[in-house]
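Quick one: the structure is below, questions incoming.
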Amino acid sequence: MKYENTAVLLMSCDDKDGIVADVTALLARLGANIVYLDQHTDRDNKKFFMRVEWDLENFSIALNDFKTIFTYESAKKFNMSWELYESANRQKMAIFVSKYAHCFFDIISRWKIKEFEVDIPLIISNHEDLQKEAQRFDIPYFYIPISKENYEEQTQKQMELLQKYEIDFIVLARYMQIISPKMISIYKNRIINIHHSFLPGFPGAKPYHQAFERGVKIIGATGHYVTQELDAGPIIEQDIQRVNHKYSVDDLIAAGRDIERRVLARAVGAHIQRKILTDKNRTVVFS
Amino acid sequence: MKYENTAVLLMSCDDKDGIVADVTALLARLGANIVYLDQHTDRDNKKFFMRVEWDLENFSIALNDFKTIFTYESAKKFNMSWELYESANRQKMAIFVSKYAHCFFDIISRWKIKEFEVDIPLIISNHEDLQKEAQRFDIPYFYIPISKENYEEQTQKQMELLQKYEIDFIVLARYMQIISPKMISIYKNRIINIHHSFLPGFPGAKPYHQAFERGVKIIGATGHYVTQELDAGPIIEQDIQRVNHKYSVDDLIAAGRDIERRVLARAVGAHIQRKILTDKNRTVVFS
Amino acid sequence: MKYENTAVLLMSCDDKDGIVADVTALLARLGANIVYLDQHTDRDNKKFFMRVEWDLENFSIALNDFKTIFTYESAKKFNMSWELYESANRQKMAIFVSKYAHCFFDIISRWKIKEFEVDIPLIISNHEDLQKEAQRFDIPYFYIPISKENYEEQTQKQMELLQKYEIDFIVLARYMQIISPKMISIYKNRIINIHHSFLPGFPGAKPYHQAFERGVKIIGATGHYVTQELDAGPIIEQDIQRVNHKYSVDDLIAAGRDIERRVLARAVGAHIQRKILTDKNRTVVFS
Amino acid sequence: MKYENTAVLLMSCDDKDGIVADVTALLARLGANIVYLDQHTDRDNKKFFMRVEWDLENFSIALNDFKTIFTYESAKKFNMSWELYESANRQKMAIFVSKYAHCFFDIISRWKIKEFEVDIPLIISNHEDLQKEAQRFDIPYFYIPISKENYEEQTQKQMELLQKYEIDFIVLARYMQIISPKMISIYKNRIINIHHSFLPGFPGAKPYHQAFERGVKIIGATGHYVTQELDAGPIIEQDIQRVNHKYSVDDLIAAGRDIERRVLARAVGAHIQRKILTDKNRTVVFS
């Protein structure tokens, strides 16, 4: 459920007794009306994760003051990593595309119907193909072709645009170019990619061809945060579809489009709603 | 995850601020190592539900004393309905069958491999068909044929057996007879039935024939608690399978067996692990 | 798989021995390179259904001549109902919408990426809400508000537009008005509706509210041909999504949008590719 | 659908025009009442596959004579590989197990309810654990422990048992030992294994631990024919289940049991009904 005017607190730390009691008691003392609480304990690795969301309407203090209090009352005690967000602060999302339009259209349509409550200040592409489609929706489209020769210079251009437009996070909607290490480092856990296979099966190029050759009976797609290692970042969401011997490679590609669309959409949706915590190479995605 | 020696506390009440803080603080004061905590707030109906499970090994007080303390510290304050269980107390499960063996075999095999940690003191049937199969597993089998004429007398016999064997809950593994109102009333939310359709579609008799006639493209099964109204009790679990025009009624029945097996197994598993709370005609099934 | 320049023959008749041999032998004699053949025998009702598609490039005779030959060689012999289509003939699809945009955007984007190879000469709506969105894609949008008072007159206007633009089939993309009996009769098995529940569960209005009240664990959507009886026409496609107690009515509606999108898209895709035969109130949907 | 007294003809050859017409015409001339016909053309590799099943009750000639006629009329003409089976001939199935009982129980229960119409002359195991369970069902159980030292000798014993009991095909129901190359060669495409991951992801040992480490959101299982290369044989069936961060390794293992059960059951069922053709490392599994 989406709430209008709330604060979201994401925490993680080593597991100890009493964390939930501590945090919820603090919020109760400050008059927070909690609208969402979920926590997870990874018993194998003794790690604790929590997401709390509360209504700001009757909250007794300013969020900046809350940060101070929370730091001293709870965060230091449990040696927490934590982030605090206001749902009212719309995030700025950049979309990177190449030639395929299906994920692009899907994201745009979710934005138009306000399923994704973000701003989309720009689209960046290494091809001109989708320029006209971007124009239909009045979104600035920057064509930045990339080759081995101009890679440094062009990825630098990308970085400048992201900075200029104050981009919060990036969606790679079937963008077929390697993201620069610098961008990955600056946008850690803030670049979402859709890989067109059920990872770790068929990483790399042409996964549907690989799936056809291997004769699998189910194909899939994977939404993940981008890390330096290709197709190996923390998985946010996956989904699949049953196929059979009748599917040619083209049929797999067509069926795959639908999986890619919905997997990417769910991953982006979870990110927008601050539902995701990462731990090493794994994610906690609160429901 | 299943734990060896834990207490499970299930609570529900009208939603108010501070319930989680209150309960977790009490448990923290008493030295409980919480291994599971999940809660749910139904905002439309302003109801709160919670399940907490903690390790009893280092718990500072006896469970009976905890009950007293919890009653005065939390339950009365929030006007809670609550139940407390010890995971070490094995429940006694009765199985009712008729002629179909697939759900019976599935439950028995999950019990044999200790997925279901319960005792099965008896099987009750209105047919003799599965007597030999019950004997293979050394489970007493009571053949209680039921007709319109002997209904009162025979359901009374059933009740006596359930009492004699101190049965905690009942699984209707494709048992094709109406359960007596008295038994339903005594075993409220403790009789689990598997209905062989995706309710509310196709209630009543011959759902696969109905599904064939209607030409549906997906069939399903529903595990639910039994109430006086036929096939209308609180739904615990549902699952489905895709079918197509090639499926004859017999094919639907065969495909349905697999759905029935796993839906019933999941519903029974959730019940055994005290994961289910009911509210009016709906369930909260904690994961 | 989609083919460039093919003929599609759809047949149904009472089941008899030798139909496949008869039809395939005729096509072989005429030099047809068959690229698709699937058939289905409904043994319960003794009905036969078949879909054959062949390459027209090296086909020895004109399709009109084939019709004559097929009529005398096969169709009369087996008393067949049959239809013949050329894949090169693009169909004209009308879209009816009301206020919800998600199915509209999904269909348009599939059309833009050439997944749906049809023409869309017009959009008809009883609301003005999506006019601007239609304009983005340069599709004529006819706003025809409908009330009890003007129903006859306005549905007559709809019919005139359909005739004027020579519409082959109609997609109701969450169009929230009763289609006129006359239109249903003229466009028999050519009006595709998406109902936002897993039929036959929750027909009629507000199915997600009904689903919430009943506490189902899975929700669905149904794509079907429109008949006079509401939500009771031949089912083309269904799909579902697992939900749980955490889903409010709004969450169900949001999750449902994704199911509606893909179910309607698959139903429309099957219709465009001439994959559907109807028999009484059931469909044969070839894969 | 299963038929009582039928013949099943499985064919594959290079794709040419007129194969369906040729075979169906021959069967029509001989008075065959075809109850099942499905064919598949792999256009990329130009290969043709077909499965035809017909009622033997009124078939005009003996099956042996049919073989002769078919060889000369059709098989030679198209250079076919083909197999002919009588559904009335019950196959003899050996089950190999180690310590896990869930797949074992599942297969046995499907055999008891006549979903699998085969004989099970023996069970072979490298452990004693399931001996008592086999006895419950009166199936001979051969305990053949295997170590590096006795591998040759013990796999030879296995081969002798298979020969003595005239085993047609083998089901590895979570059998945790390498099958001998000789057995693989003799029982080519007749040894069915269940691998507890969604291949090609996580081959080899401890796939659930690998899945946990990688943080996948879906786990799966794969039923495949055994070849010399480990976990790389032709895939018959796969299925999956959605998981999330709450799943410990033990939870993945428990959830996986259900997937393994149904995937293995479907693979075995397809094999029993002669629905599978293999081509290089891929399968055609007719529905």
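As written, the chain order gives the labels A, B, C and D, with residue 1 at the start of each chain.
The definition used in the following text is that a contact is a pair of C-beta atoms (placed from the backbone, for glycine too) under 8 Å apart; a residue touches a chain by one contact, two chains touch by 3 or more.
Computed from a predicted model, the values in this text were never measured in an experiment.
Between chain B and chain C, the least number of touch steps comes to 1. In terms of the distance between Cα centroids, chain C is separated most widely from B. Measuring from the averaged C-alpha position of chain A to that of chain D gives a distance of 41 Å. Averaged C-alpha coordinates put the centre of chain A at 35 Å from the centre of chain C. Residues of chain D in contact with at least two other chains: 1, 43, 246, 248, 287.
Of all the residues in chain B, the ones that touch chain D in their complex are 1-2, 100-102, 105-106, 108-109, 112-113, 115, 133, 136-137, 246, 248, 250-251, 254, 257-258, 262, 265, 287.
Listed in rising order, the residues of chain C touching chain D in the complex are 1, 17-18, 20-22, 24-25, 27-28, 31-35, 37-39, 41, 43, 242. Those residues of chain C that touch chain B in the complex are listed here as 40, 42-44, 49, 198-202, 212-218, 220, 234-240, 244-246, 248-249, 281-285, 287.
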